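Shared between the two complexes below is chain A, which has chain B as its partner in the first and chain C in the second.
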Partner chain A sequence: MLKYTLKRFVYMVMTLFVIASITFFLMKLLPGGPYQNPERITPEVKAAFDAKYGLDDPIPVQYVNFIKNLLQGDLGMSFKYANRQVTDIIADTFPNSALIGFEAVIFGTVFGLLFGIIAALKRGSFIDYSVIIIATIGVAVPSFVLGAILQYVFGVQLKILPVATWGSFAHTVLPSLTLGALVVATIARLMRTSMLDVLSSDFLKTAKSKGLNTGTIIWRHAIRNALIPVVTILATLTMALITGSLVVERIFAVPGMGDYFVTTIYTNDYTLTMGITLFYSALYIFSIFLTDVAYGLIDPRIRVAGRKE
Partner chain B sequence: MKKKSFLLLLSVVMVLSVALAGCGGGTENTATNGEGSKPTEDQSTAKQNVSSGGDEGEAQLDAEQVLHVYEGAEPPELDSAKSTDAVSFEVLNAVMAGLTRIDETGNPVPEMAEDWDVSDDGKTYTFHLRDAKWSNGEPVTANDFKFAWMRAINAENASQYAFIFTDYIKNAEGYFNWTAYQLDPDKYMEDHDEVPEEVKAEDVGIKVIDDKTLEVELVAPTPYFTSLTAFPVYLPINEDFFTQAGDKYGTEDDQLIYNGPFLLTEWQHEKGWVYKKNPDYWDADTVKLEKVIVDVIKDPNTALNLYEAGDLDLAPVPPEQVPLYQEDPNYFTWTDLAHFYLVFNQDINNYQGPNPEVIKALANAKVRKAISLALDRQGHADIVLNNGSLPAYGFVPYGIRGFREANGDLFQDDPEQAKQLLEEGLQEAGVAVEDFKTIRYLTGDSESARKTAEFLKENLRSTLGIELDIQQVTFQERLKRSREGNFDLVLSGWGPDYNDPMTFMDLFVTDGPYNDGGYSNQEFDDLIKNAKVESDPEKRMQMMMDAEKILIAEDMAVAPLYFRANANLLRPYVKELHFHGIGPSREYKWTYISGKNQ
Partner chain C sequence: MSNLSQDMFQPVTVAERKALDSERIVGESLSFWQDAWRRLKNNKAAMVSLFTVIAIVLLAIFAPMLSSYTYNEMNTTVRNQAPSMEHWLGTDHFGRDLWVRVWEGARISLFIAATAALADLLIGVVYGVIAGYVGGRVDNIMMRIIEILVGIPNLILIILLIMVMGAGIWTMILAMIITGWVNMARLVRGQVLQLKNQEFVLASRTLGAQSRRVMFKHLIPNALGIIIVHLTITIPNNIFLEAILTFIGIGLEPPIASWGVLVHEGFRMIKLYFWQFFFPSLAIAITTLAFNILGDGLRDAFDPKLRQ
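After this line comes the complex of A and B, so read on.
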C-alpha cells in the first residue's frame, strides 16, 4: 500500500510538471505581454520592462528559469498586482471561493441525494417526474441566468437577502444556491439512475426474499451501493466548485479567485495564471487520489483488490 | 441670510464659469445630460445635474456624510510612480495630493504647491510648497516629489508611464536611456546603434532648492505643465517610508502614507475599501465627506441592482439597459474624452495580409475619404451606442481647451459624394474595382464592438458595395496585429493623458509609435514639431488646428467615428461629485451629501 501511494505521488508530481510546462508554452503563444498599459507603452519603456523581467530572453532560457524557480517553490510576483506574491493572492481569495463552494456542495449533495433516492423509490410517480424536471432545468439553466433571477427576486424585490458583496453568512446564501443548483441536479439524476440499477439487481432480490425489512435493505444495501458513482464525481465536483466560478463570483461580487482564471489570461499575467493553474491542478489531482481512498471505504471489494496489488 | 446670498452668488459664478468654459474656455470634462444635443449646452446642464444638484444652491449638509460607490476592479498598483490603470489612479487621487489638483472646470488648482513661478521662456517652473503633513506626521517636502519622479524615469523600475516625464523634463529621457543601458548593456545595444551619453541623476531638470521649493526645468515651454502635475504619476512619495516598507509598499492600506483629502482604510483585497476623511489634510475644511465606502463590483448589472436596492449611490448603466433608464431623473452621461476611430492601413511596407491592392487603394486620400463619408455616424451614435456618445467629425474630442469647438466639424457624412470619391480614388490609385470589394475590419471581441462592426458593414455595403470582413479578436491580439500592420481597417481608441490637444495630435507624426496605419505627411509633421516648441499659446493652438485640418479634412488619415460617453445613475442627494476624462475619473474632494433622508 505504501509503495502504491508513493508511486501515485510520483505520478502526481510528474503530471503537475507536464501541466506547468504546457501552461508555460501556451502562455508564451499569447499575443502581447504583461504590460499594464499595452496600448500606450512606448518601445523604450517596453524594452526596459522586458529586460527587467527577463521577458526578452529566448523562450528556452525563460523556460529553464521558470522551472528553476518552480522547483524552489517560488511562484513569483504577479505582474499586474504589483508587489503581491502569487501565493498571497491565492491565500486571500481562495478561502472565499472555497466557502461558497463547500456550501454549494453540502446543499447540493444533501438535496441531490434526497431527491434522487425518493425519485428512485417512487419510480414513475408524480414525485419522480417532478425531480426529473427540476434536475433537467437545473442542468440546463446557466448560472448567470439563475444568479440574476435569484438576485433580482430575493435581493432587489423581496429584500430578504443582500443583493451582492461580501461580509456575512447572508451574503453567501444566494451565490451558494446558484452554484449548488447544478450540484443538486447532477447528483439527483445520478443517484436516481444508480439506485434504480441497484434496486433491480439480484442480490437485492435475495435480501428481500430472505425477509430483511425494507429500511435495512434500502439503507444498508441499496443506498450504499448506489453511492459509488456519486462519490466518483463528488470529489472532482467539489474541487471544481471550491476553486471558484467566474460567473457566480462576478454576479454576486464575491472576492474569490474564480475571476482570475480568465482575467489573468487577458492581461498576460504569466505568474498569476501559472500559480492559479498549478493550484487548481494540484487540488484536482489530489481529489482523484481522495476518490480512490473513498471507494475503498464504501465498497470493500475495491479495498480488497487494492490490497492484493 | 448672509450665508444664503453668498451661496447664491457662488452658484451664479459656477454656472457662468461653466457656460464660459463651454464657449471655448478650458473646461476639461463634466457629465452631460441625457440626450446628446449640443456639447456646449450639455456641459452646463450636466454641471447642474451632476455636481451642484440644481439652482437652489441649498447646501444643507446632512448629519451623515457617507457616500457609497463601486469600482470595477481592485487597484493593482498604488506605487504612484508605476501606476497606470484607472482604478489605481482614482484611489491615489483620493488619498494623495500632488502639486496641483484638477478642479471642477478641468483647471489645475494649487494643492501641495501653494503657488509657482514660471520663467519668461516658459521652461522653468518653481513650485513653492505649503506646510503639509503625511499621515505619519512627517512634513511633505520637495524631496518627496523628486524621489517619486526620479523613480519613474529610472528604467530599472520599468514605469510604464515614464514617457509622461521623459517627454517634458530636461534630461529625463537621457537619464532613462542611460539607466536602461546600465540595466542590460547588451540588450540595449540590440535596439540602438550607439551607447547613450551618461546622464547623472543630478543633471535631470528636477531640483530641490530647499525643503519647500522645487524647481523643474522643461525641454520646451509646456503651457499645460501644471495640469500634468495633477496626474497621479506625478504624486510625491516619502523616501523614508518607501525604503522602510520595501517591496510591501502600496500592497496594503498600512503600507502607504497619505497626504490627500482621504485616508485609505479597511482595504480587503478584491472586496473593497473605505476612504476616511484625513483630518491632517491641508484643506480639511473643504472636505465634507466623512467616509466613502467603495465596493469592488465587476459586473455592471450587479452594481445597478445594488443601486436599485439602495446599497449604492452611483451605478453604471450598461448599454443594453440604457433604454430602461434614459428617462430616469437620476440618469446622466459624461464623456471620458476618448475618441474611437478607424485606422486605414496605408503603408505597404508594413503590411501583412492577403491583398496588397487594398493597401494600395487605402494609400489614396480619396479612397479613405470615400469610406469615411459613407458612414452614418449620427445613426451609429444614436442607435448602436445610445449612451450620450457623440458622432466625431474631427480628431480631438469636445472638452479639451475648447479646441473642437473652435476648429468645428471638418467634414460631413455624405454617401453620394462617397461613391464619386471612391470611383476617382480607385482610378488614381490604379486599383481595379474588383480588387477593392472586400476589406478586412479588425476590432475587439466585445458585444458592442460587434454591433458597431455590423452597423458599419451595412453602411459600406449599401453605399459603396464594399464588404467588410469582420475579424473580432481579443484586446492584446488586436494591438499586436495593429502594430504589425496585419489589418486593412482597425477600430482604435485613444484617451487623453493631459488636458491639451497635443495628447491626440502627436499620435500621427511619421513613424510615431502609435501611428499604426503608417500615415505620413511632412506638412503635418512640421506643424506638430513647431507647435511643440512654440511659446505663444495662441500660435501654438493655431498650428494644431491647421494640423488637424490636414490630418482629417485633407488627408482623412483616419476616419473619426465617435467621442465616447458613459451612462450612469447618481442619487440626487450626492452633490458636487465631479467626473473627469483625464487621469482619475471621479473627484471626491468637494463632494457632500444633502437631503438624503427627505
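After this line comes the complex of A and C, so read on.
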C-alpha cells in the first residue's frame, strides 16, 4: 500500500512538473508582450521593467529561475497589479471561491446522497422517477442558465436574496446553489446505481436471512458499501467545480479566483495566469492523488496489483 | 405414488425424440446490433431523444436555408422584438432573426462538438487498440504518457491554447481533441484488454489470422458499443464547453454565431429582453439532455448483462 501511494505521489509530482513546463513555454509563445502600449515607453524604462521582472534573461535561464522559484513557492509578481505577489493575490481571492465551492459540495453531497438512496430504496416508484428526471436535467442544464434563472427568480422577482456581489452569507447562497446543482445530480445518479448494485448482492441477502432489522441492513451494509464508487468521482467533481466557478463568479460578481483568472487572460497578466493555472492544476492533481489513494485503501484488488509491481 | 405401475412408462425412441423437436431454437437468432436496436426501441425516453437529436440536426441543416432571413442580416427597424409570426423567436439588438440565428448556432456548435468527438474517436481507438493489443512494454510506456496527460486539467489547457492560438472554431476543436482523446484511448484499451484473451480471439489467432485482421474483425467491432456510447456523451460535453468558454468571454467571438455567442449576447439583455437569452439556452439544454438520455439508453442497449 505504501509503495502504491508513493508511486502515485511520484506521478503527481511529475504531472505538475510537465504542466509547469507546458505553461511556461506556452506563455513565452504568446503573441504580444505584457506591456499595454510598448511603443509609448522609452527603451530605458522598458529595460528597467524587463530587469525587474527578469524578462531580459534568455529563455532557458528564465525557465530555470521559474522552476527554482516555483520549488520555493514563489510564483513571481503580477504584471498588472503593481508590486503584488501572485501568491498574495491567490491567497486573497481563493478563500472566496473555496467558500462557495465548499458550500456547494456540502449541499450537493447531502442532497445527492439522500436522493440517490431514497430513489434506490423506492425503485420504480414516483420518487425514483422524479430523482432520475431531476438528476438528468441537472446534468444537462448549463450552469449559466441555472444561475440566470435563480438570479431572476430569487433576486429580481422575489427579492429575498442579493442578486450579486459579496459580503454576507446571503450573498453566497445563489452561487452555491448554482454550483451545487451539478454535484447533486452527479452524486444522486451514481449513488442510485451503486445502491441498486449493493441491494441485489448476496451479502445483503445473508444479512436479511440472519434476521437483522431493515435499518441496520440499510445503514451498516448497503449504504456503506454503496459509498465506495462515489468516492471515485472526487477528481471529476473538483474539475467540474473549478469550471463552474469561472461561470458562477462571473454571473454573481463574486470576487473569487475564477473571475480573476478570466480577467488575467484579457489583460495579458502572464505571471498571474501562470500562477493560477498552476494552482488549479495542483488542486486537480491532488484530488486525483487522493482518489487513487482512497480507492487503493478501499478496493483490495488494487492493493494486490500495487504489491505485485 | 404407489398406484403408478411400471407399464405406464415407455422409453422414447430416437425417432420420436426428433419429432418432438425439443432442441429446436424457437426465437429467431439476432445479431448483436439487431438485439441492441430491439432493446433501444423499447426504451421510450431514448427513442424520443433519438428523434430529438435527428430533428435538431435536420433543423440545423435546413432551417437557415428555408427562412427568408439570414443569420447576419441586420434590420434596425425591428430591433429587440418579442417573438411574433414574423420573427418566431424574436429579434436581437441588431434586428437579426433569432430563429435563424439559433439554428445557425446549432450548425456551428454541433460542427465543433462532432468534429472534435470524431477526431477523439480516431486517435483514441488507434492508440487504445495498439496499447491494449501489443501490451508489454509498449503498453506500459503508452499508459504512462496517458497517466501524465490525464492529470492536466482540460479547461486550463484549452484556455492556454486559446491564448496562444487566438480564439476561433479550429482552435476550439483542436483544444477539445487534445484533451479528449485520452479518455477514449483509455476506454478502448480497457476493452481490448478484456477482449483479447477471450476464446474467439484465441481461436482466430490459432487459425492463423494476422494481427490486423484480429484488430479490425474482432477487437474494434466488439468495442464499438462502448465507443458509440462514449461518442454520444462527448458531443454534449463539447457543446457545453464551447458555450461555457464563450460565455465567460474567452471562447468564440461575433460575428460567429455559435450557441455560446448567442447566450453571451443574450445574457447582457436578460432583464429587458429575456428571450434573447432564453431560446439559445433552451436549445443547448434540449440538445445536451437528448444526447445524454440517448447515451444512457445506448449504454443499456449495448450492455449484455441487461439482455433478456
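As a convention for this text, the second predicted complex is superposed on the first by the 235 of 309 C-alpha atoms of A that agree within 3 Å, B and C clash if a C-alpha of one lies under 4 Å from a C-alpha of the other, contacts with A are read in each partner's own complex, and residues count from 1 in each chain.
We adopt the following convention: a residue touches a chain if its C-beta (ideal position, glycine included) is under 8 Å from a C-beta of that chain, and two chains touch if they have at least 3 such contacts.
Just so you know, these numbers come straight off a predicted model, no measurement behind them.
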First, second, both or neither for A:Arg250, with chain B first and chain C second: both
Which superposed partner A:Phe49 touches (first chain B, second chain C, both, neither): first
Which of chain B and chain C A:Ser281 touches, first, second, both or neither: second
Partner chain(s) touched by A:Thr15 [first = chain B, second = chain C, both, neither]: second
Partner chain(s) touched by A:Val262 [first = chain B, second = chain C, both, neither]: second
Partner chain(s) touched by A:Val156 [first = chain B, second = chain C, both, neither]: both
Contacts of A:Lys210 with chain B and chain C, given as first, second, both or neither: neither
Which of chain B and chain C A:Thr23 touches, first, second, both or neither: second
Which superposed partner A:Lys3 touches (first chain B, second chain C, both, neither): neither
Set of chain A residues, in rising order, touched by both chain B and chain C: 30-31, 148, 152, 156, 250, 266
Chain A to chain C touching residues, read off their complex: 11-12, 14-16, 18-19, 22-23, 26-27, 29-31, 136-137, 139-145, 148, 152, 156, 239, 242-243, 246-247, 250, 262, 265-266, 273, 277, 280-281, 284-285, 288
Residue ranges of chain A touching chain B (in the complex, touch as defined): 30-32, 35-45, 47-49, 51-53, 56, 80-84, 89, 92-93, 96, 148, 151-152, 155-156, 159, 162-166, 249-253, 255-256, 259, 266, 268
Complex contacts: residues of chain B adjacent to chain A: 74, 76-79, 82, 84-85, 155-156, 158-163, 176-177, 179-180, 183-184, 187-188, 191, 247-251, 268-272, 295-299, 301-302, 305-306, 308-309, 311, 474-477, 479-481, 497, 513-514
Contacting residues of chain C [partner chain A, same complex]: 147-148, 150-157, 159-161, 163-164, 166, 236, 240, 243-244, 247-250, 263, 267, 270-271, 274, 277, 281, 284-285, 288-289, 292-293, 296
